[in-house]
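Letters are used for the chains, namely A, B, C, D, E and F, taken in the order the chains are written, and counting of residues starts over at 1 for each.
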Amino acid sequence: MNALIVGRYQPFHLGHLAAVREALESCERLIIAIGSAQYSHTRENPFTAGERLEMIYSALRAEGLYDRTNIVPVIDVNRYAVWVSHVRSLVPPFQTIFTNNPLTQRLFSESGYEVRQTRIYNKEIYSGSFIREQMINGGDWKQSVHPNVSDIIGRFGGVDRVRELFYLSGQHK
Amino acid sequence: MNALIVGRYQPFHLGHLAAVREALESCERLIIAIGSAQYSHTRENPFTAGERLEMIYSALRAEGLYDRTNIVPVIDVNRYAVWVSHVRSLVPPFQTIFTNNPLTQRLFSESGYEVRQTRIYNKEIYSGSFIREQMINGGDWKQSVHPNVSDIIGRFGGVDRVRELFYLSGQHK
Amino acid sequence: MNALIVGRYQPFHLGHLAAVREALESCERLIIAIGSAQYSHTRENPFTAGERLEMIYSALRAEGLYDRTNIVPVIDVNRYAVWVSHVRSLVPPFQTIFTNNPLTQRLFSESGYEVRQTRIYNKEIYSGSFIREQMINGGDWKQSVHPNVSDIIGRFGGVDRVRELFYLSGQHK
Amino acid sequence: MNALIVGRYQPFHLGHLAAVREALESCERLIIAIGSAQYSHTRENPFTAGERLEMIYSALRAEGLYDRTNIVPVIDVNRYAVWVSHVRSLVPPFQTIFTNNPLTQRLFSESGYEVRQTRIYNKEIYSGSFIREQMINGGDWKQSVHPNVSDIIGRFGGVDRVRELFYLSGQHK
Amino acid sequence: MNALIVGRYQPFHLGHLAAVREALESCERLIIAIGSAQYSHTRENPFTAGERLEMIYSALRAEGLYDRTNIVPVIDVNRYAVWVSHVRSLVPPFQTIFTNNPLTQRLFSESGYEVRQTRIYNKEIYSGSFIREQMINGGDWKQSVHPNVSDIIGRFGGVDRVRELFYLSGQHK
Amino acid sequence: MNALIVGRYQPFHLGHLAAVREALESCERLIIAIGSAQYSHTRENPFTAGERLEMIYSALRAEGLYDRTNIVPVIDVNRYAVWVSHVRSLVPPFQTIFTNNPLTQRLFSESGYEVRQTRIYNKEIYSGSFIREQMINGGDWKQSVHPNVSDIIGRFGGVDRVRELFYLSGQHK
């Protein structure tokens, strides 16, 4: 049985990793869809899809989990009525989706998929927006991510980028 | 003489129906454009264009008005400078537009169309956002729509959908 | 039971009308999707979606069939994997599709719809490309369409447009 | 050496003109990119790209600066990761970009361009949003723009348009 | 009176230049729209819009004509029904269009513009496809373009690019 | 050092596998981009991006190569001038690209990447179009693909789909 899990992974943190581990307990393979893949360099979406893929790959490989996963960037279509078909065409066949989001639950269950939830792991510090805030304020964001992920973020100057995007008064135009 | 009327119809309510009836008094045929046709499953736009078309069709047919109307979903182009041309290419020829919106008035009058207004009918309860609120709070939303429309909304679980979309904390990603 | 039928209707001819009549024998309502709705002013697609809608409306209304149909322009998505979802979101609910095209058959049956075929009616002269050729060569194209359709084509100078598009040596750029 | 400068120019004001003049002191030619070229008829973007181009042309020509500039409308791509390539493909070759926006600075310097800043000129009154407010409130917006620009805005009824867009309660749909 | 002229300018040749000169005899300003601005690196469209703009600018400036022109890249919309509106929103106001293409003539005259033709200049050698062939076969393509244009093409390796694109057996994928 | 390789993989055959193996000899990790990811159900592109990803994954995992690869679907942008940026934003960082296509070579080398070629492996039978022909004619297409790939194609009825698409007389519209 293959399963799907969807996130934006801005960045990929230990809560995401725990959810992946939990999902892999009940499926043979897990497809990890990176949503909003077209965005980068914004406050909510600082990292490119490729950078997020790199984070996930390096964490999963270090943990010996990569072999049973596919990591797939998915550009938004902004039309919920075709979103399930769009995702389905870009990823290997799957039967189950793990999600805690009620809309995703509704859209996939209306399309005949089995929907399951994952536990929530340490929600306060395993959270994308918390991590981005810590980066801005000089807090300890590294406690929330896998060491490989913090290395990668360091390598491409991710913290500086998040800070600059925060201090931007407006759009680039 | 053909006329155009544009709305999102989320859902189609008795105020819309009264405006259609009023417009039909002064034109032979009325083209009803369903705007923002690409959206569904959001708080402001819970219903698909097809579901909205179904509501309008069933109400107009019951009232004996369908024969003199065309109901046409129109996907947004998000560029006001080409919006009039976009609409014009998707609907039968028309000479007049009924609208109470100043921007629509300006765009169509700049393109040489006759612009007219319709009366506002019982604005407090014949209002899309009021109806969606009543659905969420368990209020009497059915008083605001044609009985056929409430039947249709019931048939595809529309009230549950509106409620779920309201309780969603965020996006599905 | 509602059914769907899809065509480009360049123009809407008597073969299309016969297929609509045939389909209406076995369904309560028929949704007529006008495909490639974004195109006009090309050799293969001379008429706008709105002009095609006008043709279909005027023929069906004259024949007393309009009440049981919906006519819906559908812009292409150019991705077969999401095409069924795209169509479904723009039209009222349906259970059956009438089509003689093997790909459409495959796409809709994979999505769980009942697929039926219609008879082929007088294929030689009830054909869009034949009619467009007759328009160019001054032949008797009117025999292939409903009188209301030929009136409408006359009213917006459709024959001249088809001829001009034929004599165009290249693109407009 | 060619340089690039980017703005929305809603409208083109004397601060923009001063920045163009300053940039032209250190380059042979200046390419002026009109960003968000697809927008018009909104509060933040009342003027079409063509109207903005007309304003810039008439001011620069009157000042004897046009010969050393190119004015190029650029439609948004809404993906920062491809934005630099998008701009580069639409304008003549350049080596330097003048910008005071930190994100634009980052995106272009990551792509190997020299980034420079211009001085800020009389920020209070040489400001698009200030000028639009003055237009709404009947204030002296003309002091902030070149006389040719105020003539052009007058000729196409720009002040009325800005006011109408302000008083619009909602969207046109 | 302002006028518009549209071309792909792959590359800008002496026939184009003569047409510009002819048009400028009967208008105050001429807007030169670079069509299919999104294409480059294909056989029919080897040069980017920016490179084409550079060619036109350098020829017109050398000939003392630039002051009375605007050069504007226009990305295709691939929908003839909105094409005129699209162009109109991106360029300064104009009343007349110079074109020898029957479809462009039809589209603009249907929208109320005055349509004029230019003479055809030395069609055999002042032709984009002829010039591209000469580039491939080592022929004398320089006789067909302004000396500044051949300099520019030389500077960015344009001839090599055209040749490589010709010898490509297929797509890059 | 990371490297990139791009293909459409319709289907993934033994020539592709040999090229992957060859590339992995000189890089640490190989990113395999599945081009034209938006297409499926056409003659040239019968399989969805997800099905192609499944083929590649199952072959690489069986061969013990998966750990050092990322498989990433990439939707076309149809603008060569932004194509490199588009790809770069969707995949992990890389320094080298393996390609035998002259246009891809030109586009990536202009962007500063090292470009290498792979050997061509048994071109006659390790070819997408040859394999699709064999599927249509009942030939031995399985000799050209990894056993896992033929299993997967069998599982979703891929041969029947390729045949049906071949026998389609026209478009579905």
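We take it that contacts are C-beta pairs under 8 Å (C-beta built on N, C-alpha and C of every residue); 3 or more make two chains touch, one makes a residue touch a chain.
The model shown is predicted, which means the values in this text are computed figures rather than measured ones.
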A correct list of chains touching both chain C and chain D reads A, B, E, F
Interface of copies chain B and chain D: same or different residues on the two sides (over or under half shared)? different
When contact pairs are matched by residue number, over half of those of A-C recur among B-D, C-F or D-F in D-F
Chain A to chain F, mean C-alpha position gap in Å, rounds to 25
Separation of the C-alpha centres, chain A versus chain B, in whole Å, is 37
For the pair chain B and chain E, the C-alpha centroid-to-centroid distance in angstrom is 44
Residue ranges of chain A touching at least 2 other chains are 38, 40, 48, 79, 81, 88-89
Chain pairs satisfying touch are A-B, A-C, A-D, A-F, B-C, B-D, B-E, C-E, C-F, D-E, D-F, E-F
In the complex, the residues of chain E that touch chain C are 6-8, 35-36, 76, 78-81, 99, 101-104, 106-107
In the complex, chain B touches chain E at residues 77, 79, 81-82, 84-86, 88-89
The answer for chain B against chain C in the complex is residues 37-38, 40, 48-51, 53-54, 57, 61, 66-67, 70-73, 75, 88-93, 156
In the complex, the residues of chain B that touch chain A are 38-42, 48, 161, 164-165, 167-168, 170-173
